[in-house]
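Please go over the structures that come below.
You will see two complexes here that share chain A, one where it goes with chain B and one where it goes with chain C.
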Partner chain A sequence: MTIPVFRFAPWQPAEQQLDHIAPAPLPSPFTPSVVLASVAVLLLLCFVSVGPLLWPQSHSTQWLSQVSLGPTTARAAKVVRDEGLWRPHGDVRSLRVADANTERVRLHWPALPEVKRYQLYRGSGLDAGLGLPLAISSTPYYEDRLQLRRALYRYSIADADTGLLLFSVEVRPQQAISEFEARLQGLIVGHKTTLPSTIMLPAHPLGTDALGRDILARLMAGGATSLFVGVVAPLLFISLGCILGAIAGYAGGVVDQAIMRLADFVVALPFLLFMILFRVAFGIGPGENGIAPLILAMLVLSWPSSARLVRGQVLALKGQPYVESALLSGLSTAAILARHILPNVLPIILVAFSFAIPQAIFTEAFLSFIGMGVSPPSTSWGAMCNDGIKTLLSHPRHMLLPALFISISVLAFNILGDALRDISDRRSGGVGR
Partner chain B sequence: MLFYIARRLLFAAFTIWFIATATFFAMHAVPGDPLTQEKAMSPAVRAQLEARYGLDKPLDEQYLLFLGNMLRGDFGISFTQENRRVNDIIREHFPISATLGLAAILIALVGGVAAGSVAAHFRNRWPDRAVIFAVIAAISLPGFVIAAMAQLLIVRLNSAVDSTWLPVAGWGGVEHVWIPALVLGLGTMAYLSRLMRASMLEVLSSDYVLAARSRGIGPWRLFWGHQLRNAILPVVTELGPSIAAITTGGFVVELIFAIPGLGRYFVQAVQQLDYTVIMGTTVFYGAFLVIVVMLVDISYGIIDPRIRLTSGRRR
Partner chain C sequence: MFPGAIARLSATLRQLLLLVLCLLPALSGHAAAVDPVDQRITLALATEPPTLNSSIATDSIGSFVLSHLMEGLLRYGPGGELEGGVAERWQLEESGARFWLRSDARWSDGKPVTAHDFVFAWRHALKPATASQYAFIFFPIKNAEAIQAGQLPANTLGVRAVSERELVVEFARPCPYFLSLTAFMTFMPLREDAVEKWGRAYAADADKMLVNGAFTLNKWVHGAHLRLRKNRHYWDRDSVKIREIDLPYITSDPSAQFNLFRDGQIALANLDTGLLDEAVKRGHPIHHFHTGALYFLEFNFREGRVTGNYYFRKALQYIIDPATLVNKIIGLPGVLPAYSLFPMTVRGVAAPFREEYPEMRVKADIALARRYLARAKKELGLEAFPPLMLLVGDSPRALQEAEYYQYVLQQGLGLEVRIDQQVFKQRLEKMRRGDFDIVAAAWGPDYDDIMTFADLFASWNDNNRGRYHNPAYDYWVSLAQQSSDPVERFEAMARLQNIVTEDVPILPTYENGALYVQHPMLKGVRRNVFGGDPSFRFAWIER
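So, the complex of A and B:
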């Protein structure tokens, strides 16, 4: 007996009809924040991969004369020879600035017979007041070499005994580089007797850090390390977890028990404590950057969560009719795992992976911050924060810039993970979660 | 129930043994030993010291010796801190870490529940958006950055009012506790408020809240009597792992705020390869975590019998 069924389109089977009608149109997963996060991730990847090609400064070269600079453009610097102690000849009628550059400022003033000792002050030309007491001089000349920058200074010379102000002059030192440093940086090659009078110094768009290294180049090099660890470590430990979880779920019995008890134990280890311990235990040889032991330590400690996930999935899928039919048709275990189980587990693994990335970035940053991550001259954003916290009060930028990059990447990967989870939940319809 | 507790106890004992063993062998795998120093040591002195600390014995014998001592609760003498017993180090410095952790958990719990409730009640309006923004910021900023920025802020604040309102670092009175505790608890607070918001939203749309409201119960009584008690359950379940996260995450905060807690000693000991201190602190921390998580699990087992059926599974 057939029951008459009303169909919208009798030429199509009823199931397809229902499929067509039932699901309400879901909102697109590509919300503005997801798009923004994808763009951010792409930009970050470009920044660390293409960036060093466009900005070929070394991240570990120190500019002794350019410590903790603000953003600067490329500029000419006068080459200054080291001439030892400065001793001017003769007298001057009035205060004379014999030389004014960032390597040295030379002042020469008329000797006053009634003054025995001169007190020198250096202050900012923009503020009132004498500023920093530089020195007490018994000669009517002085050479200042104390951390000079390209700023407006006011030098004041007073009688050290009476405190009477004698001279005052405003000086704006011009950019200079010592011959020693120019040779060190390879800007002057060979033993030429005649030096070039000026040399072009490279630009530092984000300034330099407390050791005179270009921050932009360091952000690129550090980002490469951070993102490398952030992606490769989860890739490895999730793969290991998948393999162990699949074996446990599929084999069952003693193997399952053994792997899962081990997972229980590993999860119970205090994570950060053992990260530090293993990172040190796996050790580094001289000249290595410490990334390998870091990843290895994460591998040892982080596999259980994905192993549990995959095991649960495999257990749920093992009973499915299509797996049983594959088994009956004589497919090998490996083939069943690869062809029938893996594609179903993959979305969940992908979600776990995308959430593991920000976690790994955090872990690396944390370890590098306490000085147990990558070792110099390699750097990472966390290591940059470690360097930067030492100058936090005077130059917060040194720490905040790498911190900003860590935050942006962690945030972006978290948003992408959320979106991936939504998509995966929709597709699987919540099966096995 | 007794069987469940016995199982958990057995598992906890095994876990502590596993932690001790893993620590022991990981530590001995590090090249060098605590006696390796920059200054050369004469062989005679070295032999004396090795004999004193038992380093001259083969590794398996050292391991058994260590396990025996551990069972008696004795972790030996520190290598780098002259004649200081590890038990004393733990006894003196753990209470500091514990105070900090406890304060952090309290702040996280109260703050998280409050923020989550507010966000849920003002869904999609500005308080909700503000909470969500703060949660995202707290989740995507590393703890050490938050700590450093808090410190910078305190310095600026102090210099603005031209007095030491808040101590920048150190340990002593109550005023030293709450800023580091806030920093330490911030990540957990963010996580808990997200959880609280979700569960509060569920409660708000439930039938019993509607029924209570239709009976004319005022908003505050409704909140305390009906909504909070139901919505807080999933937050409480997350407290166990949160305690774990906070106690082990404490050492960055301890480093930055110069707090003499146990975490600082651990980092220092690893750098100096101080065998006994590493063993002592790791086993102590591990045992502490295992026992806390176990107690939390057992108490859930008492509260909710369904959990007992799926025992042995945490998170």
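So, the complex of A and C:
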């Protein structure tokens, strides 16, 4: 048996070996979810910027005659004068509906000598049961003005003492608006003595809230606040973080120590407490808008994470041969920063930014929800949720709609951030998904 | 601002937590709304009572808890009529009153309730050092006014313990309603040794107070939990059926309360607009009750406030329409639009006062309101009105109302309104300091006489938070206070009613009515206009 003689293999080019481990073409970053998220973000931005132009209703207008409505179309409303107390004269043979519109339903029934007090109930004409006890009346007439809608009602009148049911009638009030409200909303101008008989009320595609405000207009106005905070606050605190992080990483030594210990200190500060302190320090009294202190608090308290990120990257880049060669060849610091450091840090900054947006939106929503953010009449999605939680049982729409918008925007920005990170990972030599 | 913000934050978080808890049905079951075996009921409180010291308490929650813990000379019986409490007999004359105390009335440590305890309590409440906001309620008693002003020592008060069991009261002026005063919380007895022992901390904790009523305070975790147990030393203990009233929830959010009721956690819940349909749909019988409380906007008359201007207030009067507020925004049957200082429940000579002396109604008129505002601007010499501070409570309804006022004033008159939402304690404090332009306030009657509302805006009253000072108003109040002729008194009151409409020291908004649902097994609950509401003193649980 011969012992094989060890000999040098001829050199072979490396390309051949690389050929079969060459990576398969990377999946495109434009997955359906990313495309959907981009579309969602674009739509949201359009919704809050172009939306108010297309839907020029004020978010603070309270349509008193249309409180807590579902989606409605534009409709004509009869103008009703306030006539003070209603006292009908004479007797009626049977229960008579003297007037039936959403401002007032007037009922007049025969006086029964043996009944002292009448108990009135109002129920939905579609459900069984007496419904809501409206009032106890000692007179054989009653004017109901309580939050009437254009729906089928059944009024029942019983003897308050014995509970014996006396009369019942079904009424469908006609849409109306009081003269006072029409004047308040500026639908009747001037001091005319003759009123127009009808007035057109605008449509509410998503209905109205508990104060009669158009939910669609509020979603737009609220979204403008939420997205403004969501974009401006991260822009500010990431910029600050980048500058401080770059200085720390590039200068090193004492400066680095000082800035990083400051960052450690800031991280330890409680956000909510500082939020309140800033409001006090700003002299923001109760009832004033708290957006400026909110953004300032986020600026002062949220920069450390991006500063740390940038510092780490700058430190790593500083040791790279090409930076050293640039130094040796006598390039100025500014040129090195601009030519070598910044382009390599930028992807990280972008990723941090895209993740900071949903975080900021959520912070604003949370603070407005607990009443520390915007104050009425301005609104935000978080504040709308806070409003809506009061009517969660009867009108879940008031809370769910703004919550849906918060969820969609936070999710979309997160997906975009994920995609950006994937792209930047790939660029810095990491493996894609 | 700082503590207010923190408190509001914690209150909101707690409400949120409570709401989340109620939405989890799995958690129900450990505490039942009513327990017929132990005769125990569970309820929710809207807020924590700021204090349970009967000499300084002013609020309705404190009054509710105190009405179960303490008993005065007289008390309100099961039908709402006055009956003997600690006193078993009494005699009321034009110049004074005399009370004979029952021998078996006991404090919660077993010692007898004596006439000295009443003498001490009344003197204590009147001392300027105590700073009771209800000191004025003693003013019918001789020398009370001078003592409160610090001109006379407390022991000159016209009340004397003739013996351990006999109390003599001298009046400064006729007081036909004195008996119903003695059922009010500030007239409750206090034990000198207990008050001296704990000083300012008296009644700040469950173990730092002595009580003489149907229940004792067994537990008080601040901001979270109160528990009342039947008092075994109470003289009338046999008539008290409920053995324990547990108050483990403190939330002013009506939906949280309704959820607790729906899940069988509490026995009584007040309803709000958004909950009515839900309650009707679920088939709960809905009860109604006129609380007798008046809600109003109170203006600040201190120096430098635009609200001191007559035309400015007139402008607001012509644009804030109580009927619109009640029918559109509040939307609860039983809540009545208010146009008068005196609610429907106030008695007159022979019939309800408002039937004998109907009020003037101001019809909303935007054009007129604008003219008044222009006049106010001219008179004040202002270029533009500064933003108005509207101080409101922290309940959801209070905020909703505030947003309505804000909108109407902005839209109708172009006034900017800033809403200052504060928790109850903080709001009272700001009202006391005068840190507001307009405050949404409320007043519940303290005793069964029209004077409980009438003297509210007299210049000497501490509860006149806006420092309204009108000699004509003061004159009619004094006239009524000095008179024992009912017709003359109510005539004076009718004048007051007109002054309120014409000069607008306050803007009445609504008379509160409560709609509530109650556990069907719980019986005999009294809803009181006076003396603490609701009262479980005569309630029982039917098996």
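Keep in mind that, in the parts below, the second predicted complex is superposed on the first by the 375 of 433 C-alpha atoms of A that agree within 3 Å, B and C clash if a C-alpha of one lies under 4 Å from a C-alpha of the other, contacts with A are read in each partner's own complex, and residues count from 1 in each chain.
To be clear about the criterion, a residue touches a chain if its C-beta (ideal position, glycine included) is under 8 Å from a C-beta of that chain, and two chains touch if they have at least 3 such contacts.
These numbers were taken from a predicted model, which means no experiment stands behind them.
**Student:** Looking at the overlay, does A:70 come into contact with chain B only (first), chain C only (second), both, or neither?
**Tutor:** neither
**Student:** In the superposed arrangement, does A:280 touch chain B (first), chain C (second), both or neither?
**Tutor:** both
**Student:** Check the residue A:389 against both partner chains and state whether it touches chain B (first), chain C (second), both, or neither.
**Tutor:** Both: A:389 reaches chain B and chain C.
**Student:** Applying the document's definition of touch, where does A:406 land relative to chain B and chain C: first, second, both, or neither?
**Tutor:** It touches chain B, and chain C stays clear.
**Student:** Once the shared chain is lined up, is A:205 touching chain B (first), chain C (second), both, or neither of them?
**Tutor:** neither
**Student:** Just checking: does A:82 make contact with chain B only, chain C only, both, or neither of them? Give me first, second, both or neither.
**Tutor:** Second partner only, chain C.
**Student:** Should A:110 be classified as contacting the first partner (chain B), the second (chain C), both, or neither?
**Tutor:** neither
**Student:** Check whether chain B or chain C contacts more residues of chain A in the superposed model.
**Tutor:** The larger set of chain A residues in touch belongs to C.
**Student:** In the overlaid three-chain picture, which partner chain does A:196 touch, first (chain B) or second (chain C), both, or neither?
**Tutor:** Once the two structures are laid over each other on A, A:196 reaches no partner at all.
**Student:** Once chain A of both complexes is superposed, is A:265 in touch with chain B (first), chain C (second), both, or neither?
**Tutor:** Only chain B is touched by A:265; chain C is not.
**Student:** Need the overlap of the two footprints on chain A, from chain B and from chain C, as residue ranges.
**Tutor:** Overlap of chain B and chain C footprints on chain A: residues 272, 276, 280, 369-372, 389, 392-393.
**Student:** Quick one: in the complex, what on chain A touches chain C?
**Tutor:** Residues of chain A touching chain C: 60-62, 64-65, 67-68, 82, 84, 123, 127, 129, 131-135, 145-147, 178, 180-181, 183-185, 191, 210-212, 272, 276, 279-280, 285-288, 369-372, 375-377, 389-395.
**Student:** Mind pulling up the chain C residues that touch chain A in the complex?
**Tutor:** The touching residues are 1-2, 4-6, 8-9, 12-13, 16, 19, 253, 255, 258-259, 272-278, 280-281, 283, 286, 288, 321, 323-324, 327-329, 331-334, 361, 363-364, 366-367, 387, 389-390, 396, 399-400, 402-404, 406-408, 410-412, 417-422.
**Student:** Along chain B, where are the residues that touch chain A in the complex?
**Tutor:** Within the complex, chain B touches chain A at residues 11, 14-15, 18-19, 22-23, 26-27, 29-31, 136-137, 139-145, 148-149, 151-152, 155, 244, 248-249, 251-252, 255-256, 266-267, 270-271, 273, 278, 281-282, 285-286, 289-290, 293, 312, 314-315.
**Student:** Within the complex, which stretch of chain A touches chain B?
**Tutor:** Per the touch definition, chain A meets chain B at residues 264-265, 267-274, 276-278, 280-283, 358, 362, 365-366, 369-372, 382, 385, 389, 392-393, 396, 399-400, 403, 406-408, 410-411, 414.
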